[in-house]
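Letters A, B, C, D, E, F, G, H, I, J, K and L name the chains as they come in the text, with residue numbers starting at 1 for each one.
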Amino acid sequence: MKHIQIINGPNLNLLGKREPIVYGYQTFDTYLVQLKAQFPEVELMYYQSNMEGEIINKLHETGFSTDAIIINGGAYTHTSIAIADAIRSITVPVVEVHISNVFKRETFRHHSFLSEVCKGCIVGFGMDSYRLAIEAVLEF
Amino acid sequence: MKHIQIINGPNLNLLGKREPIVYGYQTFDTYLVQLKAQFPEVELMYYQSNMEGEIINKLHETGFSTDAIIINGGAYTHTSIAIADAIRSITVPVVEVHISNVFKRETFRHHSFLSEVCKGCIVGFGMDSYRLAIEAVLEF
Amino acid sequence: MKHIQIINGPNLNLLGKREPIVYGYQTFDTYLVQLKAQFPEVELMYYQSNMEGEIINKLHETGFSTDAIIINGGAYTHTSIAIADAIRSITVPVVEVHISNVFKRETFRHHSFLSEVCKGCIVGFGMDSYRLAIEAVLEF
Amino acid sequence: MKHIQIINGPNLNLLGKREPIVYGYQTFDTYLVQLKAQFPEVELMYYQSNMEGEIINKLHETGFSTDAIIINGGAYTHTSIAIADAIRSITVPVVEVHISNVFKRETFRHHSFLSEVCKGCIVGFGMDSYRLAIEAVLEF
Amino acid sequence: MKHIQIINGPNLNLLGKREPIVYGYQTFDTYLVQLKAQFPEVELMYYQSNMEGEIINKLHETGFSTDAIIINGGAYTHTSIAIADAIRSITVPVVEVHISNVFKRETFRHHSFLSEVCKGCIVGFGMDSYRLAIEAVLEF
Amino acid sequence: MKHIQIINGPNLNLLGKREPIVYGYQTFDTYLVQLKAQFPEVELMYYQSNMEGEIINKLHETGFSTDAIIINGGAYTHTSIAIADAIRSITVPVVEVHISNVFKRETFRHHSFLSEVCKGCIVGFGMDSYRLAIEAVLEF
Amino acid sequence: MKHIQIINGPNLNLLGKREPIVYGYQTFDTYLVQLKAQFPEVELMYYQSNMEGEIINKLHETGFSTDAIIINGGAYTHTSIAIADAIRSITVPVVEVHISNVFKRETFRHHSFLSEVCKGCIVGFGMDSYRLAIEAVLEF
Amino acid sequence: MKHIQIINGPNLNLLGKREPIVYGYQTFDTYLVQLKAQFPEVELMYYQSNMEGEIINKLHETGFSTDAIIINGGAYTHTSIAIADAIRSITVPVVEVHISNVFKRETFRHHSFLSEVCKGCIVGFGMDSYRLAIEAVLEF
Amino acid sequence: MKHIQIINGPNLNLLGKREPIVYGYQTFDTYLVQLKAQFPEVELMYYQSNMEGEIINKLHETGFSTDAIIINGGAYTHTSIAIADAIRSITVPVVEVHISNVFKRETFRHHSFLSEVCKGCIVGFGMDSYRLAIEAVLEF
Amino acid sequence: MKHIQIINGPNLNLLGKREPIVYGYQTFDTYLVQLKAQFPEVELMYYQSNMEGEIINKLHETGFSTDAIIINGGAYTHTSIAIADAIRSITVPVVEVHISNVFKRETFRHHSFLSEVCKGCIVGFGMDSYRLAIEAVLEF
Amino acid sequence: MKHIQIINGPNLNLLGKREPIVYGYQTFDTYLVQLKAQFPEVELMYYQSNMEGEIINKLHETGFSTDAIIINGGAYTHTSIAIADAIRSITVPVVEVHISNVFKRETFRHHSFLSEVCKGCIVGFGMDSYRLAIEAVLEF
Amino acid sequence: MKHIQIINGPNLNLLGKREPIVYGYQTFDTYLVQLKAQFPEVELMYYQSNMEGEIINKLHETGFSTDAIIINGGAYTHTSIAIADAIRSITVPVVEVHISNVFKRETFRHHSFLSEVCKGCIVGFGMDSYRLAIEAVLEF
């Protein structure tokens, strides 16, 4: 059985409520139930925080013992060298996901400090980006 | 009765103590008493944090139910896409204020990630910037 | 009694007519009547010109004798070092106002040569920006 | 039955032979056999060209009638506005894939003209990026 | 009788079909019939290719013997030094045309490698840009 | 009968006298006589000023009542957001013209603030640029 | 007898009054009297305007008939391509002067559009810069 | 007796475990014991946090009463204006240290927001950088 | 006997005809005869194409079996990551040549995507650059 | 009697021989004789070196005891922070001169590290720039 | 016994005399006596030159035989790739020191070509920076 | 008999000793013997200096009388406008050589101030670059 940690960054607790034209009407909790049903052979753990430092803590905590981490860094994607350094510091492979296609949006969302330290990136498939990330991890 | 949330960002807990040539000798608590007296018809709530994530949490908490938010993002003004995203995510109008005229200071203080997601900005009138923001909100 | 000079720059003579989605449907003259009524204790003088040099002349003329100047530089905000130098040259405090939130618009409107030489800036509250500027001046 | 066109750009005919440390030792033809076996319910069509214009032609030809296009633009990813315009011109959804994690490589590989006109991007999972793209398409 | 070669670059074969809000609903073939009718005294030759190299070949072939070339480089306008060099290499005067006003569009469409080697540019008049180019050529 | 206003910007009163290698030996007045003769069905009005503000005034004056405006902004093309804003503020379509091919000249002449607010641009055909602009207008 | 036109740009009418730490306490009129006394063999004509267009007009008016023009463009030095074009258009040699050493001041004062079209530049000697310019002209 | 506060930023809790080729195999706790032994006359206090805001809090708490602060900002060095503002706000002198030579690493590590507000910087001597900082402080 | 492939890029088929002041009056065919005569012990193969993709094809075809490739990428030198990738993909050493000294020409000719993947570069010796490249290859 | 040191930088020993179209046909020695004759009341000392360090030494040697230094830094003007620091370090006022109008030449000649540390600059009057500098010094 | 070479760059011979507000009132010679007294077990050799090339020579001369070199490159720190190359070329470890905190000064002093080739950097502790460098070396 | 001066810049005296992975194990003196043997009909003169100014002097001394100069500017290649000016000032043709392929190395080595003033450049063939330069010169 694979153990996969999903980490969602700032403002992603508002999914379903926040700018639904960009992010859709579904909450992440509802989606998570579906996702777990789709992958009964995987233990999915979920964590969300608006705190940069707490995300780093969670990466340290799970980054040496799980099979993979799937991270949607939210806005910290574009500003946090510290989260990127945390990913550099751990040994578990990390997959970066984004719900929206960040390359269609403001220029400051086109650069990610995380991409170069992650195994791969999945961008723009809505909530389905998380499922694809799990699909990817199952092949590692 | 209008409900207005004031949010002060990092280092603003040191007002009156920190670089008084730039920020003046008055603490924010003293000023707040005055401000409440000036607007008896307004319920003013005050929050200060040095934590980017806690500011996001407070925006989420009050951003769907108050009448307006007045934010002085401190240094996060210039670096936090995550706070800007939080403002994008909520429905309450937000007014940006600064005590000092940031445009007279270092270049890295000239750009604000918050300005483009706020209703308007009031910059450089010392503590009085907060009063003007309330004046503005009362006309919304 | 306080004497305040309002100076409006290029194209602001078309207010009410020009891009009403951005600037609203009210002419400045109509608004001025209201504004005067709101501040009976202030002598409000109004000047508009599409000429960079005439705005400089007016700043020279009123910049040593009134109590304050409120300027909306229009497009010259972003290109005129000469108007900024005129403000540097005079002794009366100047407040910069903008009707629209310039930070939500084209990048070339994000930089103002005037901000760093003004006392403070009020941006994005529609016509109400002028009232707030007077409120600010009354506290000087 | 879904019809999916895969388009590979310049130098990808050398897969298995070219810089194997970056791209692996498998040829695309071998991989394609596997891929077809994995998705018996999908009609997979494959095209590779080193010619920018031929890739445009293929997009025009298949971009109004298939169910989806999966494109690995190779180096044209970073230089071709013309291919991006072709994707803009067609009606079929397009998914961008890359074998290597382009964000770990030279700076000139960090910008893609294609990303902003594609539905989504899958980057860095080796050959498996193509399988994930099909997985994504099956959810459209 | 004047001999004028019209060269259309990538994706312009899709005119009438491609992003009609930007480029209109008329195919170039239909328009060409009209254009020939308007200028009975001119021999109009037409060539379209999605291949950068074929456009260069056509410039070489017709660039020493016709009276003028009218080129709409499509997306190659913004990326092809090679086409610009081909224009530099030939002796026939070249007029650059664009259907849409490229200056209202993405920043990467604001720079043209062709403009500085063409005689003149006509931009933004829809299909009518081609007629105006012929009008211009008739005065050479 | 169509009413078309031609507006020429700074230094264009010196045509025929100023840098004739770049601008030719003909004065604009001589040319205007020819132009009027060529279009007897059009009422052509002509205005030249070296004053940025006067050009704005003329745009305001004629920008709601004529059929079209043809503007050669001279050097203000490259520096005047205020003239661009005036064009944005009026309802009559505007065509930008340049006598010389500005793209062959100094880099600071390659960017025009006017292009993105005009209907279209005609650049580099000498005096004939004005005739082509009228030709274009007659098709509006 | 040499005829020399001095042209002063915006805000220079405030000399003696404006930022005296930078520009000194003497008015230009007082200085001019001195200057004329020092060069009895020269006819010195003086013109000041805050209007960019009027400075252009004066350059046109005197630029074909005097022996030299001495220009202090004030802030227009850094923004006016139109004044630079006017200098390009005339035949009389022009000398650029500045009272303060502009290179010790804000970065936006380090670039001059006028320098490259003037014969030479004299910068930073206070009012004495004008005398040195006359000295220079007498050697032409 | 001198009281010195050491503050370590994000990911430095992983020292000895994280990228040992860059940071070495020793944990900070082990090193601290050694350091305390070397300076028996100094009271060394140690704090580590992955939270930007907590680092600010600690600076506020100790920044008015200790003799000096030694800070290794980790990745926040390169992104945090807020920590730099906290250092500006306190009165105790601060010394910046880095274990690795940041100038040999990625470009985004070459700029420090902290350097300009610290007394001095010690970079690249491995763990020994902390000892050198204490040596420096003892001379203040 | 050494086998050397020469590849010439776009517009080089016009040598002798194209901008002779820059490139000289000799055709490449004439020169090639001379070159072959000078190196009887070398088998020289020649290929020219205006097509980026065909150049890539030729590199693939000859890049694993000849002794060396000499490439003059023409304008593709400055824009083609795809050709550079093709050179990266093959095993034969490649020498870059240019007839003119590209560093004396337009800025956009100063950067070459090919230089960093070639063994060495020979620039500016006219046709003789090819001979020098062969001289170089003979020492490999 | 005033003591003035003239310092000429690299390649100025070739005056009269070097690019005479730019610098004229006169050697500096011939000119110096003339200059001394014009200012019998001044002791003029002359030094030329192609060595950056020797120019610094000469500035140190004469920078505390003469009345003024006139420096033409030649190409070091544009690259030498060390010479600028030497000027900062001494107490004698320094005047910067250039023979040619550097602003008409290559972009890399437009910036001077020396200008901001000199009293003033005289640029573009040929050899006469030196005489004007002495004229300026006599007024200090 | 350790042998350490100290090398001081341009203008550092003026220490005690040059801008004492920045660099203090002590000459380096006086300081050196103190320093030698503090480290009786170290042989300290001292060299200063204003010549870039002589510093390179000294690095070559001592860079293969001493135990360490301590360099204060003065202004060459910011411009000299040649000194950086000399450090790259030798085998002795080098420590970079600065007396003032260069990061508090002009922008052009923020970048050092030397930092990335030195072992470590000590910046801003006044003369004490040299002592700290020796302390560091003793641990190598 | 041809007279050719070879000039080597800073750190090239360490060839054979300096970073042998980049520059090889052979000293230049050994190589020079070989080179002279290969070209008995050429008089080869050799000069090396670490002093920018001495290289300028040598260019002045030999730049009017030899047949050609071959220069490897070392690190001065990338910073010295003064050496470039010296080459501009002389009449003898100059060939630039580099041992390593500078385009494969740090970005600051990609720009050469010398290239645009030399006849041609030979880069990356190890020591053999010098032989190729002589080969080139023999064809002048």
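Note that in this section a residue touches a chain if its C-beta (ideal position, glycine included) is under 8 Å from a C-beta of that chain, and two chains touch if they have at least 3 such contacts.
Keep in mind it's a predicted model, so treat the numbers as computed, not measured.
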item: Target chain L, source chain E, minimum contact steps; value: 2
item: Any chain in contact with chain G as well as chain I; value: none
item: Shortest contact path, chain D to chain G, counted in steps; value: 3
item: Option reproducing the contacts of K-L, where over half of them reappear, out of G-J, B-H or I-L; value: B-H
item: Inter-centroid spacing, chain F versus chain B (mean Cα positions, whole Å); value: 48
item: Whole-Å separation of chain centres (CA-atom averages), chain D against chain I; value: 31
item: Geometric centre distance via CA averages, chain F-chain A, whole Å; value: 54
item: Per-residue multi-chain contacts in chain G, two or more chains; value: 51-54, 79
item: Chain contact topology (line, ring, star, complete or other); value: other
item: Interchain contacts, given as pairs of chains that touch; value: A-B, A-D, A-H, B-C, B-H, C-F, C-G, D-E, D-I, E-F, E-I, F-G, G-J, H-K, I-L, J-K, J-L, K-L
item: Interfacial residue positions of chain G with respect to chain C in the complex; value: 9-11, 13-14, 17-19, 49-54, 74-76, 78-79, 108-109
item: Contacting residues of chain C [partner chain G, same complex]; value: 51-54, 56-57, 60, 79-82, 84-86, 88-89, 113
item: Parts of chain A lying in touch with chain D, wherever the complex brings them together; value: 101, 103-104, 110-112, 115-116, 118-125, 128-129, 131-132, 135-136, 139
